[in-house]
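The same subunit A turns up in both complexes below, where it pairs with subunit B and then with subunit C.
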Partner chain A sequence: MKQKILFLILSLLVPLNASAKLKVVTTISDLAALTQEIGGEFVEVKSIARGDQDPHYLEPKPSYAVLLSRADLLIEVGLQLETGWLPVLLTQSRNPKVQFGQPGHLSAAEGVAILEIPTGRIDRSMGDIHPEGNPHYWLNPQNGLVIASQIAQRLAQIDSAHAFDYQNNYRQFESRLKHKISEWEKKLVALKGKKIITHHKSFSYFVDWAGLQVMGLIEPKPGIPPSPGHILSLINLIEKEKIPLVITENYYDPKPSQKLAAKTGIKVLILPTSVGGEGDIKTYSELFDALIQRLAEVL
Partner chain B sequence: MKMSKILRVLAIFFYCSLSLTSQTHAQENEVESLKEEIRALNQTVQKLSTVVEKQNQRIDELEQKPLPKEQEAVSPKDPAPAITVAETPPAETQSETTRSLGAWKYKAGSGGAWKLLPDISVIGIFSGAYFSQEPEEDIEHDPTRTGFTLQEVEIAFQSVIDPYVRADVFLAVGEEGVELEEAFITTLSLPKGFQVKAGKYLVPFGRQNQKHVERWPFTNNNLPNRFFFSGEGFNELGVEFSYLFPTPFFFQSQFSFTQGDNEGNFDGGRKEDFAYDGRLVGSTDITPNLTALLGGSVAYGFNNTAPGNQTLLLGGDFLLKWKPSRETGIEWQTEYIYRSLQIPGGNQQEGGISTYLLGQWSRRWGAGMRFDYFGFPRADFDAWRISPIASFYPSEFFRLRAQYDYLDESGVEPSHIGILQMIFNMGPHGAHQF
Partner chain C sequence: MNALLFLLPAFCACVVLTGIHTYLGIHVIRRGVIFVDIALAQIAALGMTIAFVFGFEPESQISYFFALGFTFLGALFFAFVRNERLHQEAIIGISFATASALSILLADKIPHGSEHLKYILSGNILWVSWPVIIKTAIIYFLLGIFHYTVRHKLMLVSTKPEEAKRRGMKIHLWDLLFYLSFGLVITSSVQIGGILLVFAFLIVPASCAILFYDRLKSLIFFGWTIGLLTSIVSIAASYWYDLPTGPTIVTLFGIALIFCFVVKKIVR
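Take a look at the complex of A and B:
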């Protein structure tokens, strides 16, 4: 009996990293999906935020510190998206490999053309703005190519034994995604110039790529819920501009959108912003398949 | 013979004139072709000059006109770069202006030395209160009189110092002046899950003691913490060693070796009167949205009732937090502290418990209830308090809370307390522990 108890205690103390796979932790599920495409069988990828969670606000749960403590590579969105919860987890993780500035810490924003970088004086009267620009850049598939390339380079750097595989996987992924992009862009021709309203600026990169026109936002300022006055101004805008659609991210309160729909008849689309945001979206491509299909159905 | 000579001379002359004529023709042809080539070259040079001129004009135009966003950085439609295994230097060593990524160039964020400044934030906590019976003692950080109280203005400086440590400094400005609340370094690069923290810090004894005033779940401190650690909390100079066990769930041990200055507990006068604190904490996610945390703490040292008199503190805490989204959640926390104080002529034992339930049902609204009981076991005094609270969050950086306390202390008439509190936060998002 004593031996069994001793074995149990020892087995708990032995790290569960017996496999030789490179352990990658990403802050959002889209980065995990892209890393899986590039890393293939040589990586074990876990995401901190699920696809149906708002990545701005996460509880820094102790289990996340455990994940980070065993990671060989951390990939974050950057641009202060995770600033409310990642720094404390990094300290708690005690993992020197994934600290900022180390090869095991990658900000996927490197190399991406960032939109909405505020200029001039900024303060919080403008809402919860991101001083370094809009961080939702993964929602343009062209940026997906840049992110994947960054991931491939970093994987090759820290796991040079499989550098060729990562390069090969990247080439294959690039070819597949470019093919998909050309398919999506053909479908989007019919949607070019369509007017929409969005909840938060999560879709800025998507609409920029898709050629949609964002006429207004449910949030008067980033992170600030709408006042009745703001809703009224949106109702007037919808009627004046004949806007057919309002989009809400599936982790935000849909009530303001539903209120607009009740008053004006505008269609409401509740959309995921990340892989895993809905049960059947398991890859980066499937996210855009879903977004474009759902938009095409209502616009 | 003469005739033959004449003929020979004529033949030679004829030959020479013929050859001269043909040479002249050849030279003329060559000159013509050279002229042609020169003309062609001139035309080519003129064409090239025109092209260069046009290109220069285009460059000037482009330089004067701001680039479209897509072209300013990487043009996503360009071919992707070849992946190389070349060493990518860490971000901070790269050029600030233009970084090269394979065949691509992109503009990096502009910046300068200000980027190396620490994160600076200021958090102000003010309250207005009503007491049916004015409290006799002034408890630091708690509203303690009818009227307005400056509970604290906290000024925080936080930064990574070098690849090995980070530092956090918190100044607390109160009604009686400025004091150093915490100033410590934390290692980032010790191997195998070890970490060292050193400086002045809130000792990891229980959960409430480690929280700054703005993170308190209610507008005032709970009764056990207030009675055992006074207003400043169990805050010591020292060094902490901690270890994250390689278990599938979060399991951490902490040990602190501290100066032993805490009033009433560890303020022994001898030079060897240090205080020692240990904590074990485990946490697991029962479901993706439900997290449980269990902790146990112990502190040992010497008090000032007589040389060598010992103090032993034991604590247990439990937290259950359900957080399905940013806008909704419930947390239930219970914390118990027991103290055994060696005093002249005996041993004083006392304990207290605090339990609360906090819920949030929308982005802006939350409410909760706390129950505190001090006197378990009872010494010469007991007290209990019940505190409902409502919270309103206009934004992430501004909170308003309204709390009612019903306080019943032994030997005193029960009192009714109403507190309205305002908390504002300047600066970057404050990342706080779970």
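Take a look at the complex of A and C:
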């Protein structure tokens, strides 16, 4: 009872929104950007995580639950990326529309070719392993097309009045992005086969698409400091293979890559992994523009 | 690069840490302010977070001076809130909790805030570089000279404050000197080894020594021996068994203390 009253008071604090726009909440900013492209003027999109936050871990805030409680559609990355915080928020939101399995709940991973699905035995000793595969699939623009098409279908299903607009927006977005992809792929030809080190595996999809070769990881298990044997073998590998670049996700500690650079002279690039990861990246395309330009400058 | 050359900086950093922390640890245990280093480190981290809010990167000089400034404020606070009715450890605990909470509140407002916060207090002794080791060694050596010259007075204030007061010593002033030099050491050490490692270097060698000895000289030399032996064994073990170095050192320090307890029982 007490909780119900509290909830009532909380919901009264939230100003009533008279507009009939479909309220979409996404877990990460990239999904929000894609939804905005497809939904246009008929949707109001908010992302829970900012683009500069590590989507694996979020400090829970009351505003997130309020956001979810008023949503018509929740879009998540899935593959257990949000497993640390989303289930609790969903329970707290008490919104039947966006619970798992409902039409108002979309896991954008459906239809995407997932990388790094572990085979054989899986246990906690392997660090924060994702048993369903690497969840950072939005970092391949080809997957962006798949995700956008998923979003378009789902929007059309819940808001059938504007189904035509969503399909139309999707087709326009598809042709724009395909055009961009062919531009990017031309620029990437020069980078094909270049050897790099990455901090962790957030860039697997990007690297796979761009044709770069990942020779090693600085922290194979994020949060657990690498052992001396691992670092020493990395140093020797960098020297032997003359690896020119290490890239670090901008939400990880830059210290290890900077120290590695001090020891070996390897260049360090700290890159965003999401829309909004840096101030001037506002759309899905701008994210790839930035990534490719920054890589081309140093490789 | 061969393994010995690669592990040498980490070992030298351990030597530098053992040197000053064993001595400071004896004071900390005698005063009963075991967690003062964690509180001061957290206060330093708060300073760095505030510097970050103003746009100064954690690696920059200005950020370091923010950390140092906040640590000194903390030292001032600890020195002047000595109170007969309230145990010093309570005040230290409250300072730790408040500084942590404030940092989280601030970090929520800045890009990569919470991630940034996690890393201020983590260090990896394997990444330590020669210039840092030399710089730290010089700072600690100078502080060591200072502490050597005032060792009798400072020890009296730490162990028997009433006696010191009777002799007309200004307790608050000596406390301030102690916490200031302590804060300076902690701010530098945490950057090298991370908070867990620094805590182990501070408390364990001193604790082992206190089991066996009373005189300051014996305490220090025994503490140094324990500290150095454990460091060598830990670094070698972390290499051979492919384990993260910092946590290996801390774990073996814990085992070293148990070993000392056992030896003490048997010798008796």
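The criterion applied here is as follows: the second predicted complex is superposed on the first by the 278 of 299 C-alpha atoms of A that agree within 3 Å, B and C clash if a C-alpha of one lies under 4 Å from a C-alpha of the other, contacts with A are read in each partner's own complex, and residues count from 1 in each chain.
The rule we apply is simple: a residue touches a chain if its C-beta (ideal position, glycine included) is under 8 Å from a C-beta of that chain, and two chains touch if they have at least 3 such contacts.
In this text, all values refer to a predicted model and were calculated from it rather than measured experimentally.
Participant: Determine, for the superposed arrangement built on subunit A, whether subunit B and subunit C clash or fit.
Facilitator: In the superposition, subunit B runs into subunit C.
Participant: After superposition on the shared chain, which partner residues are touched by A:Glu132: those of subunit B (first), subunit C (second), both, or neither?
Facilitator: In the superposition, A:Glu132 touches subunit B alone.
Participant: Give one of first, second, both or neither to describe whether A:Gly211 is in contact with subunit B, with subunit C, with both, or with none.
Facilitator: It touches nothing on subunit B or subunit C.
Participant: Let me test your reading of the model: by the given contact rule, A:Ile235 touches which partner, first (subunit B), second (subunit C), both or neither?
Facilitator: In the superposition, A:Ile235 contacts subunit C only.
Participant: Could you tell me if A:Ala152 is touching subunit B, subunit C, both of them or neither one (first, second, both, neither)?
Facilitator: First partner only.
Participant: Name the contact category of A:Ser107: first (subunit B only), second (subunit C only), both, or neither.
Facilitator: Only subunit B; A:Ser107 stays clear of subunit C.
Participant: Please indicate which partner A:Ser227 is in contact with in the superposed arrangement: first for subunit B, second for subunit C, both, or neither.
Facilitator: A:Ser227: touches subunit C, not subunit B.
Participant: Once the two complexes are aligned on chain A, which partner has more residues of subunit A within touching range, subunit B or subunit C?
Facilitator: B
Participant: Is A:Tyr251 contacted by the first partner subunit B, the second partner subunit C, both or neither?
Facilitator: both
Participant: Touching A:Lys259 in the superposition: subunit B (first), subunit C (second), both, neither?
Facilitator: In the superposed model, A:Lys259 contacts subunit C only, not subunit B.
Participant: Once chain A of both complexes is superposed, is A:Thr83 in touch with subunit B (first), subunit C (second), both, or neither?
Facilitator: First partner only, subunit B.
Participant: Hey, what residues of subunit A end up touching subunit B and subunit C alike?
Facilitator: 50, 53-54, 57, 59, 61, 224-225, 251, 253
Participant: Given the complex with subunit C, which residues does subunit A contribute to the contact?
Facilitator: So the residues of subunit A touching subunit C come out as 50, 52-54, 57, 59, 61, 224-232, 235-236, 239, 250-253, 255-256, 258-259, 262-263.
Participant: Taking the touch rule as given, give the residues of subunit A at its contact with subunit B in the complex, in rising order.
Facilitator: Interface residues on the subunit A side: 12-16, 50, 53-54, 56-57, 59-63, 65-66, 69-70, 80, 83-88, 90-94, 96, 99-103, 107, 110-115, 124, 127-128, 132, 140, 142-143, 145-146, 149-150, 152-154, 156-157, 160, 163, 166-167, 170, 174, 208, 223-225, 251, 253.
Participant: Please give the residue numbers of subunit B that touch subunit A in the complex, ascending.
Facilitator: Within the complex, subunit B contacts subunit A at residues 69-70, 72-77, 80-81, 83-85, 87-88, 90-92, 99, 101-102, 104, 106, 109, 160, 163, 166, 186-191, 193-195, 244-250, 252, 281, 283-285, 288, 291, 293, 321, 323, 325-327, 362-364, 395-397, 428-434.
Participant: Which of the residues in subunit C come into contact with subunit A in the complex?
Facilitator: 1, 3, 6-7, 10, 59, 104, 108, 111-112, 114-115, 118-119, 122, 124, 126-127, 129, 235, 238-239, 242-247
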